[in-house]
Amino acid sequence: MTTRTTPCAGSEAAETEVILDLDDISLSFGGVQALESISFDIRRHEIRAIIGPNGAGKSSMLNVINGFYHPQKGTITYEGVVVKAMKPYHAATRGIARTFQNIALFKGMSTLDNIMTGRVNHMHAGLLAQALYIGKNRREEIRNREFVETIIDFLEIQAIRNTPVGRLPYGLQKRVELGRALAAEPKLLLLDEPMAGMNLEEKQDMSRFMLDINEQYGTTIALIEHDMAVVMELSSRIVVLDYGRKLADGKPDEIRHNKDVIEAYLGVAN
Amino acid sequence: MFYREAGDFKTTYKADQAIFPIALDRWFVVTVVLVFLVVVPLLASNYMLESILTPVLILSIAAIGLNILTGYAGQLSLGTGGFMATGAYMAYKISTAFPGLNIVFVLIAAGLCAALVGIAFGVPSLRIKGFYLAVTTLAAQFFLLWLFTRVPWFVNNSISGVPTAPPRKVFGFLVSSADSDPIDRYLFVFIITVVLALVAKNLARSRIGRMWMAIRDMDIAAEIIGIRPLTSKLTAFAISSFYCGIAGALWSFAYINTVEPTAFDINRSFEILFMVIIGGLGSILGSFLGAAFIFLFPILLNVMPGWFGLEISVTLVTQVELMVFGGMMIFFLIVEPHGLARLWSIGKEKLRLWPFPH
Amino acid sequence: MARHWSLVTSIKTAVGASGLLNEDTPSSEGAAADTFPKLLLRNAEQLASHPAIREKEFGIWHTRTWSEVKSEVEQLAGGLLALGFERGDKLLIIGDNRPQLYWSITAAQCLGGIPVPTYQDAVADEIQYVLEHAEARFVIAEDQEQIDKVLEIQEHCPLVQHLIYDDPRGLEKYSTGSDRIHAFTVVQEKGRQYLDKHPGFFINSCQQGKGVDAAVFLYTSGTTGRPKGVVLSYDNFVKTARSGIELEHLTADEEVLAYLPMAWVGDHLFSYAQSYCAGFCVSCPESAQTVQQDLREIGPTYYFAPPRIFENMLTTVMIRMEDAGIIKRQMFHYFLAVARRVGSDILDGKPVSFLNRVRYWLGEWTIYAPLKNTLGLSRVRLAYTAGEAIGPDIFSFYRSLGINIKQLYGQTEAAVFVTIQPDGEVFPDTVGKPAPGVEIEIQDNGEVLYRSPGVFLEYYKNAQATRETKDEEGWVHTGDAGYFDQVGHLRIIDRAKDVGKLTNGELFAPKFLENKLKFFPQIKEAVCFGDNRSFVTAFVNIDLDAVGNWAERENIPYASYQELAGHEKVYSMVNDCILQVNKDLTADPKLASSTIHRFLILHKELDADDGEMTRTRKVRRRVIAEKYAVLIDALFEGQGVCHVDTEVTFEDGRKGVISADLEIREISSAA
Amino acid sequence: MDMLYNILIAPFLEIAKSPSFFAEVVIGGLMSGVMYSLVALGFVLIFKASGVFNFAQGVMVLFAALNFSGLLDAGLSIWLAFPLTVLIMVLLAWCIERLVLSKLVNQQDIILFMATIGIGYFLQGFGEFLWTGNVRKLDVGIPQDAWFFGDIMIQQSDVFAAVVAGILVIVLALFFQYTRIGRALRAVADDHQAAMTVGIPLRSIWLIVWSVAGFVALVAGIMWGSRVGVQFSLSVIALKALPVLILGGFTSVPGAIIGGLIIGVGEKVAEIYWGPLFGGAIEEWFAYILAMLFLFFRPQGLFGERIIERV
């Protein structure tokens, strides 16, 4: 996507700058304690994995980040600004996009329209211009269509451009959802188990896409994934959650040998 | 079978995003519009023009309005009658207050008033979802009807309470009041309908249309990718009521020539809801098909016995009408929940794929 | 009838356009445009605003006129010069059909260099052989996938100095800080600067080329041993292209879809040489998966496809029609029968009864036109097929729909045309009359020899093979056996060296038998054995789609290809097919004795990755004879069942072994 | 300013002046509230068991009353006409389940909602087709005269209706809570597929539910018919049932009753005291505006379950 200046990923200075910091986050639904005083940060341009057994609070954490749930305790600082009760669409306009564990595509629309919907905050034609489809609106529709087409080309889904998403196989629906998230040109991309239910080949494609997104467009990725091979290979740093508490946080090989993590996953060897 | 798409490739996005990218569709629509614009006024009888085509067109405008709200934005509404009434009464007030004002501006002003009322009753839709919304729109329906019948200011304190619509001219052609020529009235309404249909189609295929459809399909996901539910729902209510307002105004000015509340009661709301459902949710074409079907069906029912020579009492006809209406409604919801428009698009798809089945 | 009328008009327009063609028009370059660089300059001048090449990208078709192509080629050539490209250098080109790669061909030729297009699905060591053999110093690759292949074998090819890529996807890291890997646009930018410093260099460099110079290396995917580098001159392609254009009255307004591999001589002639000579526009599809959609969008007027593609298209049509409603299906089959009866005659302008014309007209309106439209062939004025024999009923199916499909016989060594079926004289089982300027001789062992302006210069660095194939007077040994029938059309029966003799001395042409078997939709591939044996036996590969679909309707459960292949009902079905072939064979005295006596259905599909076939799906007999020797002997000894373990390479390169017990079935009319 | 005075303060002064008139208005309101509750009860039953928002409940009341009064006019005694009408309602329930519901099993709510509107139209036409549409007096021996407590006049028929409604509510509450079928009904309401997988015969459950709703409609029809006569206006009360459900919550039986009473009383009081200020007949829209306000603060109504949205 030539339109965006792509900061080269190599320089160390940009690497350390923190894009999102979660400090002492606690979240509960009625009596259920989903998250308990969790703190960790995500640095710019890194692939940050969030792993843990089922029910560890991973998805809830993602929902806190993009403002769908509001934590009872703790502060969220995004790009250096402390964020109070952020509405989901605020998060979107500030560059946080996400995909869902069980796909949340708009069934009534085609692949192209679904991804174009991701461009909603980048289009500003007035109501009248849209009504008459002239001038600003037409130019804007074409400019954004070109941008979306680069995404379609990037994700290699040219052949299903006009098929209604309801008819697509699982793997392709995941790709369209990723396309929609990319369309918003996010700074932080939250991926909720992008590879669940995929075969080997689809997983290889998805990992390739994630690496290209991270390298080519410098998008920071927060990744929830159960496939350890993928997590260990792709992520720069990993945070491990268990029963709503933070168990460990560090580089992949640190996590691989961390006793608590092994216990949490394989059960206590007594 | 008739489609010849080979060799019709697109070299610009403008062509690719046209309303009718396929050549045959373009020609088909152009011919249909020309036929109704030129041929029909010449050949059709006054009765056909005055009491069949004009009302069907006006109801299509209202159906397009409701389709924008329920079909595209997914917000159920039973208040269409109320919004039409707002349009009719405000048009009457404005045209009597400013006699010099051209009828077109009166219509637009009436539409805007209805849009404001629409927004007012649209605010609750932010917190209420699904068919609970039926209640708020029902509130609008009954409240507005009550308002216009109870408060004499709206009818300039006319004694009968049912004022006649003042005669108005457009480019010298008399388009409202009883003694205007049916052809002029028909053409006036036809042009407005075509313009409004085009506008609705443009809205549906640009940003606001996608926002509506996103809210309809999965509002949580829509909110998370940055669509503000407030703006999209309220614009849907506003534009939908704008269309209903204009339809109401036209109904009084160009069809029944009086401004009476019974024309816009709860049954009118149900009728237009039927049109949108049987016509097809989320399709401009569906609104036209639905309007024509629902309006013509009772007339057909009354005329048909005549063909077979058996005389049926009027009450029996109304009863049969009700039964068949209810039956048709259920039949359509079972066979094709997406209505005539879906049958139309399936037919078109079959022709494009002919002779293959899929 | 309609057919004649269009023929007449196309002659008129051809004369207008052919002003471009005949050599003696006083074009600006004095001597006739006899090389592609000169043709480029001429087209850029005389057809400046006419579309030259088109590509679907980002959802719409981007068109470039001849003048734009000239500037693109000029900049690329400049860039190559800046990187040190000299006259005589080779430029390896690998990737799908994309405008940038076609421009690379012309750019290399403008600098007196030689382009070497390669198969995009070739594995790394095949590319390594071509790179080393052609001693190419420059490589232009389409995308990361191809660049990775070249980088993988880098240490074996020290000669390769510069790698240029077109699609930047995932390649930023490669090119930053390396002087060997460059982006296409960066090279063009260098080219602009270079040409500013050397004005006029590009034009006179184009002028220097002569007709006899080597224009391109095309590596044949020979059925035996390593591929040979066929050197073809400008004259070979320009003269052959022009004779084809005149014969078929092609104009500058043709539409062609370039979807076949660029390394194949067919694509080089139809999508490159003829486009430069006639000036028509070539369209590149968006991606490999969208070829069918793009075919329908472009609606080509001039179409070329190997028989396998026509065959697949027919099978999909038949399978899709199976699911149609009864009325539609009956209507379809009724009108198909009408077309089969009179369609070809109407196309050839032969007399047809009035009633049939009306039925055909009705069929045209309800079935044929929509069918051609859905397949994207409704604007096809001329369709060629070659490379191997096409099934008679497949061939007549398309002709009966009014698609002017014609067979031709050609070779890479002949820059394609050897024989072409002229309009009006089209038969399902011949390959036509000698093309303009081509002389043909049949040797006593049946081998076909030809001489034509299109005959190649030599096999690069393989003088011995050149001598074997081309003798002093220029006669080329095709290696195919054939004979001229009474109508003067050549009939190819088999590969010369494969034509064997049965023990009773009769002729045994395995290819001829195999093609007859493959014309049945259920049979995808067949291999016959009979050379110096007393009778003929065969291996059969069933077509998974067709048989699978049939099994579904017969509700026969099957979990894998192997299980379906071994099923009793499938065996009897193949048996019936062979019976029918045997019936046709006994009708022809020359081939009566090579009827098939025994057969078995292979448990795996013959595949190019296992080396059992060439890239263009031609059977490699020697490889199969070695690999399945056990099975062949079992066939001739008549064992009931034979166990076999075969090594297989999976899609991602892993090797594995499949073992199976294959049933050997005796052909009997009672079965 | 005086507008505010009239709205807020004046009514209370008047109540203080004539408490008995106010009591009478309240009781009158209660009685019409009972009617709303009975209709709302039918809504709740069907919604609770099948998740269908049955817009045709109002017309079923009219249809039941029409059949019952028709049979009575045809000379049958009450003890014969009543069970016969109940049978007709069960038959109707069977047809609705067979022809409509079974075909729309997992459609979205909006489709089912519109189907019930279709059923409503059909029943209206069919009812009038069977028993001609003229208004009919319905007398089933419910005492018509009134009692007097001090100067407050209470219609006996209203008391009788209240008692019947009370009995019905208790029976239904017990039925839902403790019987096996009741538990199955609640399971079906949560998730059709899940219930089916557990082996609950979905079709028969719906049959029972719609029949009971038909029975409730019959009772409401009789009560309502004996007061104002059997006529088309009965089916309009269905629209009034909507606000009742909003207040009471869609899934609770007690909620329907209390909601009905609140609306009944609220309407009458508002009509008497605020009516004249706005030009009268505010009864038409008062219930809806009240429900709308209520929806703002407690969308799930008094007793309904809290709606939690998960991503």
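General remarks:
All chains are identified by letter, namely A, B, C and D, in their written order; residue positions are counted from 1 within each chain.
Note that in this section contacts are C-beta pairs under 8 Å (C-beta built on N, C-alpha and C of every residue); 3 or more make two chains touch, one makes a residue touch a chain.
If you're wondering where the values come from, they're calculated on a predicted model, not measured in any experiment.
When the interfaces A-B and B-C are ranked by how many C-beta pairs touch across them, A-B comes first. Chain centres were defined as the mean of their Cα atoms; on that basis the chain farthest from chain D turns out to be C. In terms of their C-alpha centroids, the spacing between chain C and chain D amounts to 77 Å.
Averaged Cα coordinates give chain A a centre that lies 49 Å from the centre of chain D. The distance from the centre of chain A to the centre of chain B, with each centre set as the mean of the Cα atoms, comes to 42 Å.
Here the spacing of chain B and chain C, counted between their Cα centres, is 57 Å.
Counting partner chains per residue, chain C shows two or more touched chains at residues 59.
Across the assembly, chain A contributes residues 68, 100, 104, 145-146 that each touch 2 or more other chains.
In chain D, the residues touching two or more other chains are 311. Contact residues on chain A toward chain C in their complex (touch as defined above): 6, 8, 112, 145-146, 149-150, 152-154, 156, 158-159, 161, 208, 211-212, 215-216.
For chain A in complex with chain B, the touching residues are 66, 68, 87-89, 91-93, 97-98, 100, 104-109, 113, 116-121, 123, 125, 127, 130-133, 137-138, 140-142, 145-146, 180-181, 184. Across the complex, chain C meets chain A through its residues 57-59, 169-170, 172-173, 176, 286-287, 289-290, 293. Against chain C, the residues of chain B that register as touching in their complex are 1, 3-13, 15-16, 352-358. Against chain D, in their complex, chain B makes its touches with residues 76, 124, 127-128, 130-132, 134-136, 138-139, 142-143, 145-146, 150-151, 220, 224, 266, 270, 273, 277, 315-316, 318-330, 333-334, 337.
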